[in-house]
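These notes open a run of structures that come right after.
Look for subunit A in each of the two complexes below; its partner is subunit B in the first and subunit C in the second.
Let's look at the complex of A and B:
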């Protein structure tokens, strides 16, 4: 039982994690989240293509202008579509973000019921 | 010549497989049974030998550069070093499918050999189902992906192998991974056979235990090797990228790991029978699904060297038939099992392990297929990349690690020991060490702190288990200790690596210097070299550590391969036990500037070693038998 409570507490603060708006503007972190559109599954941080070089400069400029991480992503999404960011936006893809946790919760409930049932059969 | 030989042999093999299926049916029909299991052992031996000969025929084609074979023409070149001519055999779709079939056949034969004396009905059913799988893949090979197709007229020269595949790690990565992936087929077959022949749970567990273990060990090693290859060859500079292909190798691994633990429960306590069956069926299904996703080109990934929609269709049909058949039998034949255990027992903890494994699997599955759905349903292309997996999975790893530490000591049925003291002591110790790390380096996020604390807890707990049992001279399973320790170390080093990496991206000219944290990078010179199968621009960089006055020379390359004409960027890596220095360069068009990516990655070596340690644990158990 105690174990299950501990896990429940864990989930509750996981959700804060999801909604928290990150205001840090670490260059490398942003690069890693942007897909190099002309490569096979690489971020612009990992790619050496010309496209990546150009986008890196664009991002650097925007950071200099004082734009936040989210603003830069929004700008790029508007220009290139959702495909460009590796971290899908929460508002449009909330199903994706919530499904794993719903599954985890359901699994937990099943497990809990199973254990409870086993304990009952024992007392019978 | 070789082409005809190969085709004939494949054809004979199909006939042989059909005859095994025919004899299996005869054997299972009591009235017609007039021969023993020995006959099947013989037939399977022929089948194995034949499959190996087919494989060697193709290898010969590659060694002697027989370009009349289309596959050789497309993937080889006379100027390629012999080693890569040979490894090129399985560096393409057709060849790797042949390897796949070899593993299927080999496992079929070994299983038969090891279980000759056990329940014959179960054994022959297993063989029958395994041979249906073999037949399916042989037909696929023969009809759709024939490695021996002819090209007329015979070309004088081959097109060459993709340079990024010309690598020793990649030469052994697919065979290892296949032993894991495809090895899982034997317990798929055994599971269906067990349902049909009505084997009891613990009997079934004893039969498949070894095979689950073998496939798990190889899968673990295969994934690690693939990851090492991606690290230095693709120039990604990390250990895991959540690439769809990596994900599809990881998904069966999670099921295998869950299975590995549940089989223990089934063997010792004769419960969870249906669940173990489901896991057995899922492992191979996921392996084939992974192959389907990769080979069909549905997913955008670095492995897209091997895609073609028509292959996808065949695998999809095959997969559907397989799943449909397995589920039907499962629903018809599944029996309920009775058992008793308390909430605080090993059974509960192993179920919890399965719960976590299911979560990891589900999350990765959702992340991998989600883009397919959005594209079909809403016509928007979405990327689900590393940030998604990191955010969803990493927090859950924390309770998982704690559980992993405590669980192995809990007794079966009901545990009465009280080890709260030990737990609290080790937690406090872990927190203390974490604060020291925290103090001496820069700040980390809450999650990072928790990850490091919980991984330390797992490490200490496992070690203390080892010492206390050593003192009491109790028989102890070293494999569990080694694997759990390996996992703890893996997460610990990943945590440190993640938090203390230095990464800088900048543009620089020859002769210039650039300061990055406590490193000074001198771009000393630029040279042009010519090798057998490529030309390269080699940069020479001297990296001085300002703190301890160490200095390293790194020489990244931009290679232009001639066959086929490809541009690749070779990272230059200096590996130490404590950290790697990593540098790649690329030219910026129409300028003298070079774009440099410099990274200091702590404990890369330790991450690989920890991952290898996990599989060593499994191997220890195999060899103890």
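Let's look at the complex of A and C:
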């Protein structure tokens, strides 16, 4: 019986730690991706300004309410604009996200055509 | 038609660089108000300074316009703008909701006793979290809303003489 209790206590601690770690990782990730709008090049994770402190509280509350990262970012973007997040969202900036791939494809096509042209010149 | 690949490559690169520059021109690098104008404010339910009752967005729907002012007794620019808030109340008859931000009750009351009370309603935001729902960066800040609770204008920093004139113009266009 004592062994069962020991196991139960051990696993409850383990579970609690894992859960707490999960929340703090999510929290840290979000803090790092939110720009402190009144600071110079700092995220709210790095800043102790009044604005950052308050935003951290809001983010913590929203995490506790079970909101996802995207929901939290959407809320902040609605209030402060896209500039508040370091990583731009895909939906509004899909051109920016897709541009590197488009240019990679274009580069590949240009390279292919150049090689083909060179081969044609050699055979002629 | 023969295509010169080197020229094409240079043209593509140059257009790409120009395109990126063009995109970055539209990006704002500091805070502004354009994301809030025309949007409805979030619902809120805040306790009055005396803690007797709660004020919600519904209380503001009877006014044609309401100015929501975020202030604190410890904020010196708030002291500077206070005379204009008094003028807004006395000369323009605009109702002002004062959101007392991260402040002590006693200090807030002393501040109002010393400089006058321009507010029709005063609520407390002890943690500052409610102000984030209004898109506030810091204090003082003011938001002019209409009776549909739509943000008409947002003022970052203390209200100045020019702002007073602008508010007056907005009210005259009723």
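Points worth noting:
What we mean here is this: the second predicted complex is superposed on the first by the 99 of 124 C-alpha atoms of A that agree within 3 Å, B and C clash if a C-alpha of one lies under 4 Å from a C-alpha of the other, contacts with A are read in each partner's own complex, and residues count from 1 in each chain.
Keep this in mind: contacts are C-beta pairs under 8 Å (C-beta built on N, C-alpha and C of every residue); 3 or more make two chains touch, one makes a residue touch a chain.
Here the structure is a predicted model, which means the values were calculated and not measured.
Of the two partner chains placed by the overlay, only subunit B lies in contact with A:108; subunit C stays clear of it. Shared-chain residue A:55: touches subunit C; no touch with subunit B. Looking at the shared chain after the overlay, A:28 reaches subunit B, while subunit C stays out of its contact range. By the touch criterion stated above, A:38 is placed in contact with subunit C alone, subunit B being left untouched. More subunit A residues lie in contact with B than with the other chain of the pair subunit B and subunit C.
Contact with both subunit B and subunit C is seen for A:81 once the two complexes are overlaid on the shared chain. By the touch criterion defined above, A:46 lies against subunit B but remains apart from subunit C after alignment on the C-alpha atoms of chain A. By the touch criterion defined above, A:96 reaches both subunit B and subunit C. Touched by subunit B in one complex and by subunit C in the other are residues 50, 53, 81, 83, 96, 103, 114 of subunit A. On the side of subunit A, the complex with subunit B involves touching residues 1, 3, 6-7, 10, 14, 17-18, 27-28, 31-33, 35, 40-43, 45-46, 48, 50, 53, 56, 81-88, 93, 96-97, 99-101, 103-104, 107-108, 111, 114-116, 118-119, 121-122.
Per the touch definition, subunit B reaches subunit A in the complex via residues 234-237, 241, 243-244, 300-302, 304, 338-343, 347-348, 351-352, 355, 358-359, 362-363, 366-367, 370, 374, 380-388, 391-393, 395-396, 398-399, 403, 447, 503-505, 569, 584, 586, 588-589, 595, 597. Taken in their complex, subunit A has these residues touching subunit C: 37-38, 50-51, 53-55, 57-58, 61, 77-81, 83, 96, 103, 106, 110, 113-114, 117. The residues of subunit C lying in touch with subunit A in their complex are 5, 8-9, 12, 16, 23, 27-32, 34-36, 39, 102, 127-129, 131-135, 137-138.
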